[in-house]
Each structure stands twice: as C-alpha cells, then as structure tokens.
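Next come two complexes built around chain A: one with chain B, the other with chain C.
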Partner chain A sequence: MYKYDHYDQAMVDTRVAEFRDQVERRIAGKLSEDQFKPLRLMNGLYLQLHAYMLRVAIPYGTLDSRQTRMLAHIARKYDRGYGHFTTRQNIQYNWIRLEDAPDLLADLATVEMHAIQTSGNCIRNISSDQYAGAAADEVVDPRPFAELLRQWSSFHPEFSFLPRKFKIAVIASETDRAAMRLHDIGIQIIERDGEIAARFYAGGGMGRTPMIGPLIRDFVPIGELISYSEAILRVYNRYGRRDNKFKARIKILVHEMGAEKFIAEVEAEFAHLRGLNIDAPAAELARIKAFFTDPPFEAGLPDEIDRLDPDFAVWLDQNTHPHKRPGYAIVTISLKPIGGIPGDASAEQMELIADLAERHSFDELRVTHAQNIVLPHVRKADLATIWGALAEAGLAEPNLDLVTDIIACPGLDYCSLANARSIPVAQKIARRFADQQRQRDLGELKLKISGCINACGHHHAGHIGILGVDRKGVENYQLLLGGSGAEDASLGQITGPGFDEDGIVDAVETVTETYKTLRADGERFLDTYRRVGMTPFKEALYG
Partner chain B sequence: MAEPVEEPAVTLDAFLDQSNATSVRLEEGEDARALIPHLDRLSLIEIGFGSFGDGRGYSAARILREAGYQGELRAEGDVLVDQIAFMRRCGFDSFAPERPLDPEDAARALDRWSEVYQPAADDRTPIWSKRHG
Partner chain C sequence: MKILTGNDLKTGDVVWWTGESWSRHVSDAAEVGDNSVDVIAIEEAARRATAIYEVAADHTAGGILPVHIKEKIRATGPTVRPDLKLAPADPAAGSWVI
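Let's turn to the complex of A and B:
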C-alpha cells in the first residue's frame, strides 16, 4: 500500500493549515459564504439539511487498519458514532461542525488521509477496482496508475475551477468492478505485445443525463498517461459549458461536440503537451509500484474449507471471491444488514473490521463502490474465524450482489437536494426480500436507489433502479430496468408511471416474480430482461 | 511580481484587426491561441475573470506561456486571495482584483505551498523530479 514520504505529508499538512486559515477568515466574516463555499467544497465540506457533511477521500478505496481506526475515532469524536461509505469509495460524516473541521482534518493527516478535492469543480478522488492486487483476472494492479494520477491532480493549478466536478476511475481487467465507463474519464490499463498502456474512455456519467463514455483512445503509452489526461482536461476546461450547471459535465461536451471532433481536439492538445515534459519519469512509477507489490503470501496453503456450519457455508458461497493465489480468498463484508442503512458503519464495526484486516488480510482493506468493505487477502483457513467475528458484530449478511445488497444515496433524510427518501425505501425492500433462500433463488440482482435526478445512488446503472421524484409535493418513485455499471454497461429504462413508497416495494416484487416466470436456465435478471425486453414487465406492473 | 504596465488593453478583435497595440485583453471565451502569431510585439496580456469560478483563464494563461510569451500576464476581475497561488503557477505575474486583496493575506497565500506535484507555467520543480534528483 502507498506510504507518504515527507513531500506527500507536507502537501497534506499545508492544506490543513490553509483550510484552518480559511475557516478562521470565514468565522471572522472576512470571507462571505459565497467566497467560502468553493474553498470548503475543495475540502469536502458540504452544508446539508441538518449540519455540515464532510467527505473524506479514500484513494482508490484502499485503507490500512490504522487509517480505519482513525475513521472510527473521527466518527466518535466529531460525529454521532458512525460513518457512511459512499459509491465513490469514500466515507462521509453527516454531523460535522464547521469549527471542528480543521481539527478533524489535522487528525486525518496523521494517518496520511485528507478530504482534498472530494467535492467542488475539480478532479475528485480517483476510484478503482476493489479487488485490485487480489483478483486473478487483472493485467496488473491498477492502483499505482491511480496514485500517479492522484498526485498529478492534487492542487492542479489549471484544473481547480473546471466547469463541473470531474471523476476518474482506473481498472486493469476486462471485468469492470468500478463502473469505469460511467466516469468522466474511465481508464483501462491493458497489455499489448508485452507493453503496458492505457485505454481511455471519456464523457461517461450519471446524473440527469446519463451517458456511457465512448472510447477515445485505444492505446496511450503508459509514460504519457499524464500528458494525455492533461490534454483531455484542458479541452474540457476550455470548451465545457459554463452557462448551465446542468450541462457542464464533460459528457455534455463530448455529446454536443461529437466524439470525433472531441477526439480531434484532444489529439491536437496532446500533440502539443507531450513535448512539454509533464509526465513523471518511469522511475516515479516504479517507486509507486514498489508500494503495491504482493504481500508475503504463503505457499502450500490448503484450499479445502470445512463447510459443516450451514450458515457459514451460505456466507462462504455468497461473500467470497476467488483469489489469484491458492489457499487465499477475497472476502466482502456486507454493510447491508436487512433493515439497516446501506453503507453505514458504526465506530465499533470499523474497529472490528480494522482488527480483522490487521490479523487476517495483511493489514489491508478496501471500500467498494457498492458501499461494502473488502478484505482482499484472506487465508481460506481463517474464513470461519472471520465469519464468526463478523456475525457477532452484525456484519455477516450473506447478500453480496443479491437483491438486498442495495446501493442507496442519503436522500431526503440528509440531503438538501433530495426529492424523496432513499434509505427507508431500501430498508423496506430489504425486509420484503429478507428470506435468504429467496434472495439466492433470484440470483445476482443489483438494485440502486437515488433520491433525486443527480443519481448519487447509481439508479441508471441498476439492474433495477429506483429514482425518487417529487410529484405535486408528494414523494414518488420511478422504476427503471436493465441498467448495468459493469463491463456490459447499459442505462436502465423507465417502466412507466411512478409509485408511492409502498407501491414501489410491491413493484420491485412484481418485477422479480415476472422474471421468475420468464427466466431461462442460468439467466440472471439482467439477461432475461435483455432477452425479453420491457413489455412483459410493463404488463405485469400496469396491465 | 512585475509592475503593471500602465496602458489600456484593447479587445482581442480590435487587436487582431489593426493594430500596433502592444497590449490586449482576453475575455473568458476567447481563444488565447489567436494571439500566438503576435506574441513578440505584446508586452501586456490581460485576462478577465468575470467570476472566480470560471477557470478558463488558467488554461489561457498557460497556453500563452507555453507558446513562449514573456511579457506581463495580468489577471483582472474577480480575483480572490485563494486563487492567486494557482494563477501564478499558470503564468500570471500581475493581479488587478476588482476588490483589493489584503496584502498580508495575499503574501501568505503566495508563500504557502512549499512543494508542487506537477509542472505548470512557472519554474517550480515538481515533487517527482526532486524525488529522482
């Protein structure tokens, strides 16, 4: 895992001092709220319905136990004892006082963490594959490239006042676990003829105008990763729309300009920039890569697992994933207990997870974009112990990728932009489908809920998506089917008129029951939907 | 920081139309690259910031410096103390803020960052270069 040197530490410490100064000027009235807003946003501080919300960056979703314990400490000291893991692999605290924010950031800096550029119209925290370094199907570990981009994009003087926020995801396998093509820039690290390179997609995104990013360059030599990124950002900064905040994302630019013209502009800028020595030397990438080498895996570990306890066996089948090394497994800890708040974890749960990571996963853990936690490198022999500890803490829900593994945004319970509540809907659906047998029978089913058109809950990318809208002052929910954020990316289609809160729970059930009557052998819900189309579902819902 | 050249800057159109003017003013949406053929006779380029949140001027400034412009590059308009360090990195060397900056705050802002992660239009050495000598 990456470790700061004195340079990285100095950057973060300087930022804490700068923000302390800005908060003091704000409190003293030297800065108006208008002037302060972009500054606090660049430090992850949003003003929400009840209090300030602070978003802490977890670069490419990777944490160690010391950092996780600090997140628990912050939950306890500055919040109400819990935190909320987000779809961008970050953590949010919902009850922060402005006066406390500088101290909180100073605490974070002691464990090489920060809230830099977690909001605002700048390049945001870079996300990646939660199985990086552990999955059998990756070309290389994508995180060193994400780290290189993190450093380049931190305090970038040209790109701190972009038309709108800018999100980058980096993956390195054909399987897309990071919704890469739904990002402003999606990068897939590839290998061709023994050479590592980057494949670039741009102009993806969700929000009110969801788009799947087109391929804009199939092969960028890895030594030019930064200059090519810089070319895209410059074209966007110069030509992205600034007249309408809802049309300001790069996806609109790519769409309105047309991918071909956009590519031509980027290529021209790239031709200019690549001569300017913007890329770090290969030695820098090598230095970063050295932090991401394999931990000391043991050889000759057994692959057999004692499956005598039926509950353990269910969890084992659902929440573990094959590891690249024999004798190891990747564990997903579900933050989706039935009836809980998706993505929430208490300080005590974070501490337990930190202990497990330290003891059983080479001190590493990951946050996933589906708001769960991953222990990437677990000996199979330790799985039963881990499961026992998780079960005791209410963290052993065996529902990874099942209908109750719901992504939900904070919605009207916290968010000032919301039209409708998301969390209670997620809770009701989870309760309706609580029966494990039933969930497993339905198989992989990604359900995603947003409380408004901004789509923080990825509803466009849900196999089943739910969007909260405001209908004459009443909360109403639209249903979408057929979205995917994976390598087969697609956008969900709205079924028809919306439903009220109980109606939407029934509607989801109608859809899953319809699927059961239609599915062919081995078909997931998404496959069936793609084969039979919307009509039978529409008939069942409205017929 | 350079002393501002006291001379009214003409608009980009006026400049391109005539002229023997040695200064020009660019508005946000205007293409800095239109000036590249004329850089050697320019001693002042003023870039307007109608609103501090509109960051196009940062790219314009860097483009001009990358093209070799040596004269004064002035940021005019909604220029705030928390932006000037970024502006300087993009090549601005003078500031004409609409609302005057507190000189102490400005000095502090310009001095704050002892290191930078990336090369830009100033002569600062990026961290990666220091790491590898």
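Let's turn to the complex of A and C:
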C-alpha cells in the first residue's frame, strides 16, 4: 500500500500544527465559533448531538495493521473505547474533546493518517472497491488511480470551496462494489484493445434528490485522468448553484443543464486543459503503482478446505469471496452481529483484526462502504484459524449481503441532523431475522437505513430501504423497495404511508414473506421486485 | 417552559443552562423565559459553552425533560448505549462545568 513521501508527511504535520494553534486561539477567545467552525470542519471535527465527533479519512478504505492499532489506541485514549466505520470507508469517533483533538491528530499523523477533507465543500475521501487488488474480476487494481486522485485533490486550491461536498469513487471491474454511479464522479477503469482507460460517470448521488450518474465519457486515456477530472470539477465549480445548498450538488447541475450540454462544457474545458500539461508524469504514476504490486503470494497452495465444522462451513460459504490467486480467499469480517450496532468496533476488536491482518493477510485490510472489514489476501489453509479467532471476539456473524447485514447511519442516537433513530431499527430487524437458515433462504437482500433525508445510510440504494422522518415530533419510517448501488444501479421507490418503530420491522417481514410467495427459481429479492413491481408488495403492506 | 442547551467548549459535553452556569444534568436546567438571546450572547462570549440554543421542555415526574425526542436523547445519551449514559448521581462525572 501507499507510503507517504516527505511531502505528504510534511503537509499532514504542518496541518496538525496549524490546527493546534487554531484550537488554542478558539479556547483563548481569539476566534469566535463562527470563525472557528469552518476551520474545525476542514479537519473533520464536527459538533454532534452529544459531543465533538472526528471523522478520520481512510483513503480508498485501505489500512495496515499499524494504522488499525492506532485507530484502536485513539478509541481507547481519546474516545470511549470504540469507533464507527462509515459508508464512505472512513471511521468516526463520537466523544472527542476539543482540547485533545490536536494531540489525537498528531498521533494519527505518525501512521500517515489524518482527518483532512472529511468535511466541508471539498473533494472528500476517494472510495473504491474493497476487493481491489484481490478480486478475480478486476481489470487492474484501481487503487493507484484513487491514490493519484487523492494527491491531486488534497489541498487543491481551486476546489477547496466548491458549491457543495464532492465524492469520487474508482472501481476497475464490471461488478460495482462501491456504489460508483451514486457518486458525484464515478470512474470505472477499463481495458480496451490492450489500453487502460477511464470511463467517467458524473452527477450521481443520494441525499434528498437521488440521481444515478449518467455516462459522461466512455474512454479517457489513463494518462489524462487528472485533466478530465479537473475539467468536470471546473465546470461544476463555475456553474454549480451557490444560492441554495439543497440544489448545490453536481447532480442538480447535470440534471438542470442536461447531460448533453454538461458534457459539451466538460469537453470544452478538457480541450483547454489538454494543452496545459497538468497530468502526472508517467513516472509518478509508476511510482505510485509500485506501492500496490501484489504481495508475495505462495504458489501451489491447496484449494481444499476442511468443512467438518458446520458453523465454520456456513461462515465460509457466506463471508468469503474468490481470490484471483489459487489457494487464497477474500474474507469479510462482519461488523453486524445480531442486535449489535452496524459498523461499530471496540478497540479490542480493532486490535484483533490488526493482528489477523498482520499474520494472515500480508498486513493489509479494508473498510467496506457496507461498514464491514475485509482481509483481502488470506490463505485458505488459514481460514479456520481466522474464523475461530473472530468467533471468540463476536466477529464471525455469517451474514454478508444477507438481510441482517444492514447499513445504518448513526441516526438520532448520535447525529444532530437526524430526524429519527436508525440503529434501534436495525437491531430490531436483525433480531427478527436472527435465524441463519431463514436469512440464507431469503438470499441476497441489502437493507439500508437512514435517519434523515441526507441518506448517509444509503436507503435509496437498498433492495429494501428505510428512511426515518420526524412526524410531528414522533419518529416515523418510510419503506422503499427496489434500490441498488451495484452495477445494476436503481433507486428505491416509496411503498406508501410510513410506519412506527415496531411497524417498520413488521413491514419488512411482510415484504420478505411476500417475496417468498412470488419468487421464481434463483431470483433474488431485487429480481423478483423488478419482475413483479410494487403492486403485490403494496397490497400485502396496506391491504 | 424554555431552557437552553449547548456544548462545553473544551470537552464538547452537552450542558444545560442553570440560570447562573452550566450543568451536565438536564435536571439542573432553569427556565430561561425571554432571556435566551441575551444569555446566548453573554455565554458565547464567555466561552464556557458553545452552539447554544433554546429548546422547549416540560416538568415531568422524572424532572425537567425536553419536549422533542432529539433533545431528550441529547439529555440522556444514545439509546443504544446505556453504558454511556450520564448517571445523575455520578459524582465522578462532575456536575458543574465551572
């Protein structure tokens, strides 16, 4: 994985010193809250419902064991012993003291991490495929390109005050595991006639106005990745609305301008930029790529696995994924124990995961946008050992992509923007569907819950989505069906009137039972919904 | 009744206006009447609390509690982590900000 050079380290260290001074001036009264707020947000420090919350960037979701142990250390020293992995592959700490924040950031900087650009109207952490570098179906590892974009977008002076926040995802396979088309820019690295290139989508997003990003350009030579990205950002920065924050995202611009005109504007800017030679030299991309070469995989490893323990066999089937190399597997560690808080991990659990990554996965792990952790390169012979260690720590729930593998935002339990709680609903649904056989019988079913219209819980992209709203001071939950964040991206449709906290759990069960009566052989819930439409589900829900 | 809440500037802890100072316990909150704007201006300048705002509250059997669920959760802690709630009688928590 990428290692900071002295420029990277100096930038981060300098920012820590700068923020330390800003905090001191705030506490001393030399800065008002109005003056200080944008400064702390530029360093990922929010003021949330209960306390300051710090969001730490995890570039394209990739960590090593040293960094993960630091995240555990921060949870223990500066927070209350845990952290929350987010849908942008980041981690949030919920109980940070302002006066401790500079020391915390200094600790983070020792392991090449920071919280810069995890808030504010700038280019946020670049997200990617959690199986990057390990999946059999990828064209190339997308992370060198994500890293190049990270370097380009970090402290980019022209894009530090955009109309609104800006999110980019990079993938390199036909299977979309990063909700790429629901990003401001979605980039798919492709190969055509032996040439690596980038396919650009723009204007996707969730929030109060969900949009699936249209194709903007089918083929951008990889050497012009930055120029084309810059062209899109320039058009957005010039024409994006600043008069209304709810209409300021690029998706609104693309929608109001029309994709055709937007593309013409981008192409004109691209033509201008092409002459300015702003792309990274090939040698720089080669330097970055060198950090992402394959680890020293062993040849001739067996693929056979002893499946005698039935619990292990269930976990094996559900939570491992084929690896590109024989004898290896990709492991997903579920952070969704039945009745637990989706995405939360204690300091001790983080340390265990770091140990397992160090011993069994070439010191590498990933955070997924579905709030789980991945060990990308595990020898199949080590899987039973890993499963045993995870089971002891409550981390071996065999529910990847099943109904209890729920994405949930922090909701009203932590978030000052939320209208309703998400986590208790997720917990109740998980308990209702706790039976593993029942979950497996339902098959792939992505359930996503947001506590407000901002959609941090990706409810628009859930096969079943739940949106919490405030109905005259009482929590109420709308139900959506048919969304997908995958390569078959679609937006969920609201079923009808909402439900109370218990009613929404019953409603989800009604939907799944209806699906069971309607499904054809081999159909996932989403397939059945797309075939039969909303009507039978509405009838079952509302009579 | 109307009460004021904010966050302790240095720690971020949720605090409630007692009429003279700030407490971590909503049960110590005092009716602010029509003085919110003045108190907020003075207290923001004093830098004891920040992000101060007014909320509606009721006298209940359990003491003063905000009306809206958001501030109820703010007063009592995350409903999903009872172990993180501020115990009313916990002296170690430090009732007073100053």
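Everything that follows uses one rule, which is that the second predicted complex is superposed on the first by the 543 of 543 C-alpha atoms of A that agree within 3 Å, B and C clash if a C-alpha of one lies under 4 Å from a C-alpha of the other, contacts with A are read in each partner's own complex, and residues count from 1 in each chain.
Going forward, a residue touches a chain if its C-beta (ideal position, glycine included) is under 8 Å from a C-beta of that chain, and two chains touch if they have at least 3 such contacts.
This structure is a prediction, so every number in the text was calculated from the model and none was measured.
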Partner chain in contact with A:R97 - chain B first, chain C second, else both or neither: second
Chain B versus chain C as contact partner of A:I341, first or second or both or neither: second
Chain B versus chain C as contact partner of A:F200, first or second or both or neither: neither
Touching partner for A:L412 - first (chain B), second (chain C), both, neither: second
First (chain B), second (chain C), both or neither touched by A:R80: second
Touching partner for A:D5 - first (chain B), second (chain C), both, neither: first
Which of chain B and chain C A:F499 touches, first, second, both or neither: neither
Shared chain A surface residues [contacts with chain B and with chain C]: none
Contacting residues of chain A [partner chain C, same complex]: 26-27, 29, 32-33, 47, 49-52, 80, 95-99, 341, 412-414, 416, 418, 421, 423-424, 427, 473-475
Chain A to chain B touching residues, read off their complex: 5, 7-8, 10-11, 14, 17-18, 21-22, 25, 30, 35, 38-39, 121, 151-152, 154-163, 226, 234, 237-238, 242, 272, 276-278, 280-281, 283-284, 287
Chain C residues within the chain A interface of the complex: 7, 9-14, 44-45, 47, 50-51, 67-70, 73-74, 77-81, 84
Residues on chain B engaged by chain A in the complex (per definition of touch): 28, 52-56, 58-60, 62, 66, 80, 82-83, 85-87, 89-90, 102, 105, 108, 112-120, 126-132
